[in-house]
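Here come two complexes built around chain A, the first alongside chain B, the second alongside chain C.
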Partner chain A sequence: MKLKLLYSDIKPELDLIEQELEQAVDSESPLLNDASLHLLQAGGKRIRPVFVLLAGKFGNYNVDVMKQVAVPLELIHMASLVHDDVIDDSEIRRGKPTVKAEWNNSVAMYTGDFILARALEYITDIDSPRLHHVLSKTMIEVCRGEIIQIEDKYKLDQNLRDYLRRIKRKTALLISSSCELGAMVSGADEKTVRHLRKFGYYIGMSFQIIDDILDFTSSDEELGKPAGSDFLQGNITLPILCARSNPEIYRLLQTNLNKDLTDEERLRIVQTIRNSPAINEAKAISERYLSKALKELNELPKGPARKTMRNIAFFIGKRKF
Partner chain B sequence: MKLKLLYSDIKPELDLIEQELEQAVDSESPLLNDASLHLLQAGGKRIRPVFVLLAGKFGNYNVDVMKQVAVPLELIHMASLVHDDVIDDSEIRRGKPTVKAEWNNSVAMYTGDFILARALEYITDIDSPRLHHVLSKTMIEVCRGEIIQIEDKYKLDQNLRDYLRRIKRKTALLISSSCELGAMVSGADEKTVRHLRKFGYYIGMSFQIIDDILDFTSSDEELGKPAGSDFLQGNITLPILCARSNPEIYRLLQTNLNKDLTDEERLRIVQTIRNSPAINEAKAISERYLSKALKELNELPKGPARKTMRNIAFFIGKRKF
Partner chain C sequence: MNEQQIHSKITSVEIDVLRAVKQRTLEKFTEGPSVQRERLFFLLLPFFDQNQWSDDIEESAKTVSIVYAALHAHDQVKQDILATKKQQLTVLAGDFYSGIYYQMLASANNIAMIQRLATAIIKVSEKKAAFYDGNIYKIDEIEQSIYQIETELLSSFYHFYGFEKYMPLAGLVLTYIRYGTELECLQRGGQSLVIRMLNQTLRHPLHTERWLKDKLASLYEDILWTADNYALTYELKNFMLHQITPHQHKAEQLTREG
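And then the complex of A and B:
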């Protein structure tokens, strides 16, 4: 089952948003065009636009209004990805070379800045101070999350709360805002807006935890990058936090942290985590967020949008890569 | 004569803005705080807030409204500086180590992102779609300017138009927008807004050209960084474009472009440009912009604000460092 099949209800609108994204990153500069299109065409799940559109179905759905929110939210996400690759020194993402690898750090940095500026240009057309507030607050939190991620790198002794706060800022908030803003601009009532915001938050947390698990349980081919990349880059994720209670694993992790590892050493760590109970412990935490997300959905009126959201939530919770 | 003496009319408001800037970059993260304060305390001329305030004097001046525009404009400028230092691999700015030198590229990148997000948060409180449009357009052009600067690096054969377009985007637009927006939010009439926008553009062009000249004519100590840094970083500025018509200088530049130069080699190039007619040619172009700026001022009502703007314009046109 592919995620995109779940989107079939909103396929024409998503195609429209894809076109708009291409137009949005268009510029006179050949270098900027190439880098932005490279990033856009590397794909992605377009989770944020999907949630904007679906949330809009709970109000007065007007695709021209929805796209004004969906496009900038995906652009903000893209900008953060291209800056992430600089931080993490990532050579490859989704099986393709990153902008920083294909060009360099400087091009990656300004491509991110440019895409962000384009996002802002889109948003200026929306006359809603509340929307602007939600968005700027979200962007600030995303940036703070990124800085905290740098601060927390290579710290094996951080606690679970540090991790959860980090992924909230890094991932959950933007998904939460997508749901919230989609509902808000379609004029959905306050109660609906609130439930959708919470749904987005919980599903975002679940989504990121699964992502962090897959970094250990998937193959290099499935991931489109080397398994264990998070550990290589010093990012301490949930599977590691669960696994470290075993003193032997703790020593193994501690010894290999912040070192240039051979492929063999890297795979040994990946295997150790994969075969430990940590994976199931992390999955259980993800499932708790998933069921909280589903509870929020149950508070919303029945209909095809709720059903699609439910299916996507299940897919995210159970996905293999 | 120091530039700050010219600001005495608006000193209390500028102090207020300085406090607001400090609050704006405050965050829970110690790393982010340190990096942002480091950047803020490295100082700068605060030209953009000054122009916002002075432009506001042509309408109904209310300092609480003016600061809502002045603070984000300075923040946007600061964010672009910290990203510039990554691009240019600058170790030192205004006599102090840059954020990228004191910490690293990643911290510099996210400090810039964070400061930018804070700027946006400030702006969201202003209910003026037109203002939001001007600002997002300006930010897009600034980013495009930066990317074009990367594309144009080390190209000794570019033409004058390329250079002028680059400094327009890099510097003149943000100063122009400062004047325009200051006038706009204070409710000045359309004619005044237009003249102030043009004044800002011309003075911004003059300002950047002088900056590019000083990179050759000042000492390392006066600049707070090595003289000739622009050339070292591959940025082809107006003095170089003027000097290259001499075949001997052209060969010297061509041979030393994109190479690791010793201090001696660097100073030889700086001396050659400094002693060539290129400096006076570049100054003449700067003066043409300066007189265009003064013409725009003459169209505005007489008064202390116009006088201060005039004094600042002259100072910028004649400054030694």
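And then the complex of A and C:
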């Protein structure tokens, strides 16, 4: 089953968001236009706009207001991806060449700046200092998370707390803000806003942990990039943190860290992690976040939005790619 | 306001800007934020020239300076260098500074200024991308793009607060400084996007050099003539001309050497 099937309740609104996204990246520069569309058309789960829209259903839902938050949040995410590919020197994303690979680093930088500015231009139609305070703080924290990720690269001896703090900033906060801001602009009450913010945070943590697991358990084809890319780039993720307690695996990881690996060497590491108990241990931690997310959902009024959010939460916990 | 007071004010704002974007890791591994004092001078020119000024306007001026630093950081990302720690953190520095300017203006409830700056960043990014498009062939298009890249952010600040009367003068000085930097780069045997475009259009580096020198000479004349049309104090005018003096000396020296 595909995640998008779970969005069927809000499909017309999501189609509208998709159109708005295309319009939002329209530029008088043909190059920026092409690069942004290239990125947009590579697809994606659109999880942030989905959560904005669903959170809005807990207040006075008006799609014209909701899209003013949903579109920029996806744009902010897109801008960070195009810059991340320069940081990671990635050639492929979602099975397609990255902007930096298709054009070059400078074009990727300008495209990211352009998309981010479009997001801010768009969202500032909403004159809510509180909303901008939340979003700007989130953007800074996301950056801090990425800076820490670079600092922590190749450090096999980092602790679990370092990892959790990193993924909180890197992923969970933007999903949490999507839920919070969606609820906020729809005029939902404070208690609902708080529960949705926490739901987004927990689901974001679970989502990133599963992403990190899939980097080892999926095939290159499923991922649209080489399996084990995180390890190749020196990112010490939860499966690695769990696996390193085995002295043999620890030695294997340490020996191969920060090296140009052949495909054979890479796949050996991937297989070793995949076959170790680390995957289940990591899944258990993800499950814990998932349970916390569901607990927050239970505090919200029953209805189709809550049901869809629950289904998405379960899907995230079980997703295969 | 005398020269010393102008210096002090610029330094004080510069310190505030640097403090706002301070981040330990970025400080350690990147070149740090580029905060040009010449730009700060023009951001503060309405204040120096006794216009109505407030803490909010000054805060906005600081954020414009931060946006310049953010875009400058991204200009430093190289093509041929693999993902080194410095390069990676330079990318993040630009993003981090962008977050800071957004947060500062959001905290000041200045949502309209966030929008103005975002629109200006879009224009600047489009002009920079145009250099990579290979669609700029005419010299006046190159000039126009450079003008917009150098002045769009300042212009949006001036327009927002009703200080647009300073734009003609600021535009001349900021482009003068840019061309001066490009000439210096060319003389050192360096390459930049602008030099590449000029070489392509003018067909030879020697023609580019000549063109840059002529451009600097004509801009200098324009600056003197335009400055006379402003009722700025002697100290302020003098200070402003000093801003370009180092560039002028370099240009003159290079002309003599040439």
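Quick note on the criterion: the second predicted complex is superposed on the first by the 321 of 321 C-alpha atoms of A that agree within 3 Å, B and C clash if a C-alpha of one lies under 4 Å from a C-alpha of the other, contacts with A are read in each partner's own complex, and residues count from 1 in each chain.
As a convention for this text, a residue touches a chain if its C-beta (ideal position, glycine included) is under 8 Å from a C-beta of that chain, and two chains touch if they have at least 3 such contacts.
It should be emphasised that the depicted structure is a prediction, and the values quoted were computed from it without experimental measurement.
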Fit or clash - chain C, chain B, common chain A: clash
Touched partner set for A:Ile17, first chain B, second chain C, both or neither: neither
Touching partner for A:Val50 - first (chain B), second (chain C), both, neither: neither
Which of chain B and chain C A:Met184 touches, first, second, both or neither: neither
First, second, both or neither for A:Ile147, with chain B first and chain C second: both
Which superposed partner A:Val107 touches (first chain B, second chain C, both, neither): both
Contacts of A:Ala227 with chain B and chain C, given as first, second, both or neither: neither
Contacts on chain A seen with chain B and repeated with chain C across the two complexes: 27-32, 83, 86-87, 105-107, 109-114, 116-118, 120-121, 124-125, 127, 129, 132-133, 135-137, 139-140, 142-144, 146-148, 150-151
Residue ranges of chain A in contact with chain C within the complex: 27-32, 80, 83, 86-89, 103-107, 109-114, 116-118, 120-121, 124-129, 132-133, 135-137, 139-140, 142-144, 146-148, 150-151
Touch list for chain C against partner chain A, complex: 23, 25-26, 70-71, 74-75, 77-79, 82-83, 85, 87-89, 91-92, 94-96, 98-100, 102-103, 105-107, 109, 111-112, 114-115, 117-119, 121-122, 125-130, 132-133, 135, 193
Parts of chain B lying in touch with chain A, wherever the complex brings them together: 27-32, 83, 86-87, 105-107, 109-114, 116-118, 120-121, 123-125, 127, 129, 132-133, 135-137, 139-140, 142-144, 146-148, 150-151
